[in-house]
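Following are the structures in question.
Next, two complexes with subunit A in common: one pairs it with subunit B, the other with subunit C.
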Partner chain A sequence: MSPGRGGEGALGRRLVGLAMVLPPVALVFFLVGFPIVVAIGYSLGHVGGLNSAVSAIAQHQVAVGGGIGTLEAYREVLTSHQFLTDLVATLWVTALSTALVVLLAWGIGLYLRLSESRAAKALSALSVVPLFIPVVIASYALLAFWSGGGFVRSAAAHLGMARFPILGYTLPGVVIGQVWVNLPFGVLMISSGLQRVPTALIDAARDVGASLARTTLSVLVPMNLVPTVIVVTFTAIAVLGSFTVPYLIGPTAPTLLGPQATVTFQSFNEPQQAEVVAMVLFLLAVGVGSAYVRATMRGERVPELAS
Partner chain B sequence: MKFRPWTLAAIAVVALIGAACGGTGTTAAPGPSASGLSGSFTFYLSGDVNIQHLWLDTLIPDYQKANPGVHVNLVFSAHGVEDVTTLAKLSQSAQSGQYSGFDLIEGGLVKDAAQSNLLTRITTAEVPRSAEIDPNQFTAVQHNAMPYRGSKVLLAYDSSRVKNPPRTLGDLLAWIKAHPGLFDYNVPSGGGSGQAFVEAVLNQYVPKDDQQKMGLGYVPELEGEWNRGFQQLKSLGPDIYQHGVYPASQDQVYQLLGNGTIAMCPVWSDQALTALKSGQFPPTVKLTEISPPLYGGPAYLGVPKVTPHKKLVFSFMNFLLGQAEQVKIVDQIQGLPGIEMSHMPASVQRRFSSLGTTQSLPYSAKMAADLNRLWQSSVPG
Partner chain C sequence: MTTAGSAAARAARRPALRAGPLAHRLAARALTGLVVLLLVFFVLGPLVWLTLWAFAGPWTYPSLTPQSWTLNWWRLVFSTPGLERSIELSLLFAPVVTAASALICLPAAYAFGRLSFPGRRLLLVSLFATNAFPKIGLYITMAGLFFSLHLMSTFLGVVLVQLIGTVVFMTWIPAAAFASVPRSLEEAARDVGAGRLRTFWQVTVPLALPGILVAVILSFLASFDEAQGTFLVGTPTYVTMPIQMYSLVLNYPQQVAAVFSILLSVPSVLLMLLVRRHVMGGHLAEGFQLR
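This part shows the complex of A and B:
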């Protein structure tokens, strides 16, 4: 906006800007925002109006006539033993998967940055391959690979380890699946962040006698906090809300909250309780997302280093 | 902006192709058939892919060939993922009197819809050939739906590893304890074969009258009678495959039997016979009935209360009950016919004589939903 322009011109430009942004905002509001508000109302016990279709066939639901609503459905779900074990499982699987993805992505990114060999390039290309394989097929493949008669166990038996653990239908198997699915994004973000660090900085650190570990900790890590936070946030949210990997590879109980919400809705015919589980997931994701927003806002205030 | 001549030509060609492709989406309106019927209706199908192929490859094309003026729009929902929302639409439609968009439905939701009074009553007045169906098959749905094929859950076992298959439920449970890791069943919400096994174990401790009530209606106050059964299933856990792993779908259990990981599992008769035919099960796999029998049941077709195409739908249902179509159902998916065996050719009667004629009554849809929930919280883990 050039200063000193006439007031009418500025108002006209603002209106044009508003008109251009209105269609996508309206779309997001009506297709996403408004249904979420209606669903929150349903979880609080408002079973009439726009929720009357789904509440007509629901079993074990809590209904309230008017007013703000009731937390009875929340109390029922949040105190149930099954939900609590599922919540604990979801939290530790998410934390472990995210930690492993960050560690592996950093490892591959550093190897690619500090070594110009063909092996490094091949490794980073290989780590992006999971992006092109559909998750359902990957889940079945991982299940077969880690199952009782799968490749890993057969190879271990040949090497003399007869009692190698079976990871199919277990939560550690789910962690492996989640790492497999989320690693490509991590590698892409971290390695692109590391590539942007000027070689001059790394050389300067080495020249004053810093070891490789010290260089990494003092130069590379601080400059790549924002990509790391992005990877942590996106991976955590993806694993929190995931369905396919825990449904196909995971145990029946405890399972993650994604499959639990689905089975509550479809098989137990309890849409209201499923709504409560979805709200819990939503709040967890909001918590992770707010950490991301705070970190990126703080990151933007750091002045750019002169290259 | 000036367009180069070749750009304009390319755009014109693409537009022509687009118009031609768009035209094939709707069938050209042919003249009315010999029966005078014309129009189209929407058929909601929920189930497994073998049933989808039965309809798409055989039954619907046969009907459309016999009645060229009629077009059937098939809406398929794999494994019932859309069942809850469709049921909600039917419920709204029955309450408000407005057309729901569906004229015919098939799948697990039909029983629930019939028991909730959302469907049209089917008698010989609407579908004349329904007189050939065993009247007992209408009990569970109170004449609000029509069975057109059937299946039952049997026990499949690898005869090379199981020399004396169990004959009763008690024998089966003892066998599982004696051979840990060689039996498995799927999560009850993931398929009828696993659910049938769970219901059989629970029914050991439920009086016959209460079993009938659970099959025909919703009686949550009787669910306390399931406690002993669930405790028994939980104690069975360590002897189940991999110390208590219950796959999410019945297909995964069939694969375990097929590749020899387990030696016994419950199966649907039609899926088992198809698997034997296709080679998914090795020829050593045999089927047996146990006493009391695992549940079975007809697959029902339902007509929503509010639909403008009743005449077309009833003619379609009548067509399906003809002997020619019933034989095709038997051949293609190895299912039991909907009409009584006495109306089928002798070859079919011989083929199914070994499967036995008894089956238990499955629980109503709402009881089954509660069973799924209670199983999940009390048995695994």
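This part shows the complex of A and C:
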């Protein structure tokens, strides 16, 4: 683990750098990149080679002998009623959960930036608690808390609201779970970004008479755009690809596409259709992820110019 | 709400949140208290509720406490041999995976943070592929790959599948930590005669240590919590705690799952308390800003 042998010229140094990053890159290539390529082939009907083990036990699959392949599996999945209702559910749950996480994180982050009170510290400590709890447990605890016999309904019944909605096994329940699980990352990113905004800048805006809302919109939001984009993309991608939260808290149908892909594979034994669902999720995630890459790349140029 | 009260009072002294008329301040104080209470309810409520269940006898809606209390569920959990084995397995896999991840990723993190080489940004971003593709899609084709390589139901297979979830943490966060070590300090050490290696171990590593520690703990927890991939690759030979949890949720009374939840949370909570200060201090946030 030598820290690079810098003295031997630029070329040697570059090669050392490349050699050092090779292990994780190779690991990701072998365990992620390569399986994705194989999966694309399988979803297009290539059932031989590395796909032969899976396709030997698969039911209801489309196979081609050669060529580019066929979109038959895609046609079948993408036109099915169940897929479409699940897709709609996935999209709105993702959008709503992400929006709520960003709003909550901004609220807590702002309060933390503008006040050093104990209440602010308590809020920030509270909001990272979910990071401590394994997702399986969090989902189970949330289900017990919001379900038919859970605390929320019991408390509501004591307050005379016997018809308080049951949120266990519903999509709004899934949104609650996603917000709970993803809140710490949002708060950490946004509050750490806000801490970096110079106090002089905020005070200057306030001194010329800008209201708190105006200061937030014209100073803090633009200065903290990159962390916000990071929170949006990572939360959206985490919700899109999530399994445990919707599987434990959500309804059987419509459900999110993550558990749907899993059930298609494990219960229906249709790995090809499951891969098609995974591809759709992947495309959605790549779309969201490109916003993140663009935002961080743009953020990069500023310090480079400055130095 | 004395907390919120003194909070509002102190906030009023700060230039950013200026003192308004008394009515405004009281309203702000009440609002703050309400928000804190709501967040306590939202975040801690479910955890407290589940903890109560672990000691509950019969408990029916809409009672806010169980009809009776008991420790029987704890005895039941500790006397079930399968459960104990899964605790052992989880406590075995997580350190092995974390150590392997550190070995593979930390040198790379140093290179990403400190050296310049062609394709640095692209390679750094490419690691993100582990987050973008839905895991189940990966596991299906990985199963084919693992079948051909005889990795199904093997120790190595489970380690590999759990490694995936640690790569981003173990590379991005330490890379940012290494990048933020001031070069002037290293140069100062070199100036007073410290060798390259000595400078690395006595200046660079200690300064980057909090970031590395955060990455280690998050990787440990990612491995410790991993259920889906371990289920596909490891069962029936390797049934870890999170996998047990799924079957407990489906097959046992709620109290047993509650007891098991507490057991499963103990390592997480202890480890996170260790690094809480550093996580809050921005090391996690730094890592995701790709510089």
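By definition in this document, the second predicted complex is superposed on the first by the 275 of 307 C-alpha atoms of A that agree within 3 Å, B and C clash if a C-alpha of one lies under 4 Å from a C-alpha of the other, contacts with A are read in each partner's own complex, and residues count from 1 in each chain.
Criterion: contacts are C-beta pairs under 8 Å (C-beta built on N, C-alpha and C of every residue); 3 or more make two chains touch, one makes a residue touch a chain.
Keep in mind it's a predicted model, so treat the numbers as computed, not measured.
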{"item": "Touched partner set for A:V54, first subunit B, second subunit C, both or neither", "value": "both"}
{"item": "Subunit B versus subunit C as contact partner of A:G148, first or second or both or neither", "value": "both"}
{"item": "Subunit B versus subunit C as contact partner of A:R118, first or second or both or neither", "value": "second"}
{"item": "Partner chain in contact with A:L103 - subunit B first, subunit C second, else both or neither", "value": "neither"}
{"item": "First, second, both or neither for A:M161, with subunit B first and subunit C second", "value": "neither"}
{"item": "Touching partner for A:A95 - first (subunit B), second (subunit C), both, neither", "value": "neither"}
{"item": "Which partner, subunit B or subunit C, touches more subunit A residues", "value": "C"}
{"item": "First, second, both or neither for A:P251, with subunit B first and subunit C second", "value": "first"}
{"item": "Subunit B versus subunit C as contact partner of A:Q82, first or second or both or neither", "value": "first"}
{"item": "Touching partner for A:E275 - first (subunit B), second (subunit C), both, neither", "value": "second"}
{"item": "Subunit A positions touched by subunit B in one structure and by subunit C in the second", "value": "52-54, 148-149, 248, 265, 271"}
{"item": "Residue numbers on subunit B that touch subunit A, as the complex places them", "value": "80-81, 83-85, 87-89, 91-92, 95, 112, 116, 187, 189-190, 242, 245-248, 259, 261, 365-366, 369-370, 372-373, 376-377, 380-381"}
{"item": "Touching residues on subunit A, where the partner in the complex is subunit B", "value": "52-54, 56-57, 59, 80-82, 85, 148-149, 166, 168-169, 247-248, 251-254, 263-271"}
{"item": "List of subunit A residues in touch with subunit C within their complex", "value": "1-4, 13-18, 20-25, 27-28, 31-36, 38-39, 42, 50-54, 107-108, 111, 113-120, 122-138, 140-142, 144-146, 148-155, 157-158, 180, 183, 185, 188-189, 192-193, 195, 199, 202-203, 206, 212, 215, 226-227, 230, 234, 237-238, 240-241, 243-244, 248, 257-258, 261-262, 265, 271, 274-275, 277-279, 281-282, 285-286, 289, 293, 296-297, 299-300, 303"}
{"item": "Residues of subunit C touching subunit A in the complex", "value": "3-4, 6-8, 10-11, 14-18, 32-33, 35-36, 39-40, 42-47, 49-50, 53, 60-64, 104-108, 110-112, 114-121, 123, 125-138, 140-145, 147-148, 160-161, 163-164, 167, 170-171, 196-197, 200, 204, 221, 224-225, 227-228, 242, 245-246, 249, 254, 257-258, 261, 264-265, 268-269, 272-273, 276, 279-280, 282, 284-286, 288-291"}
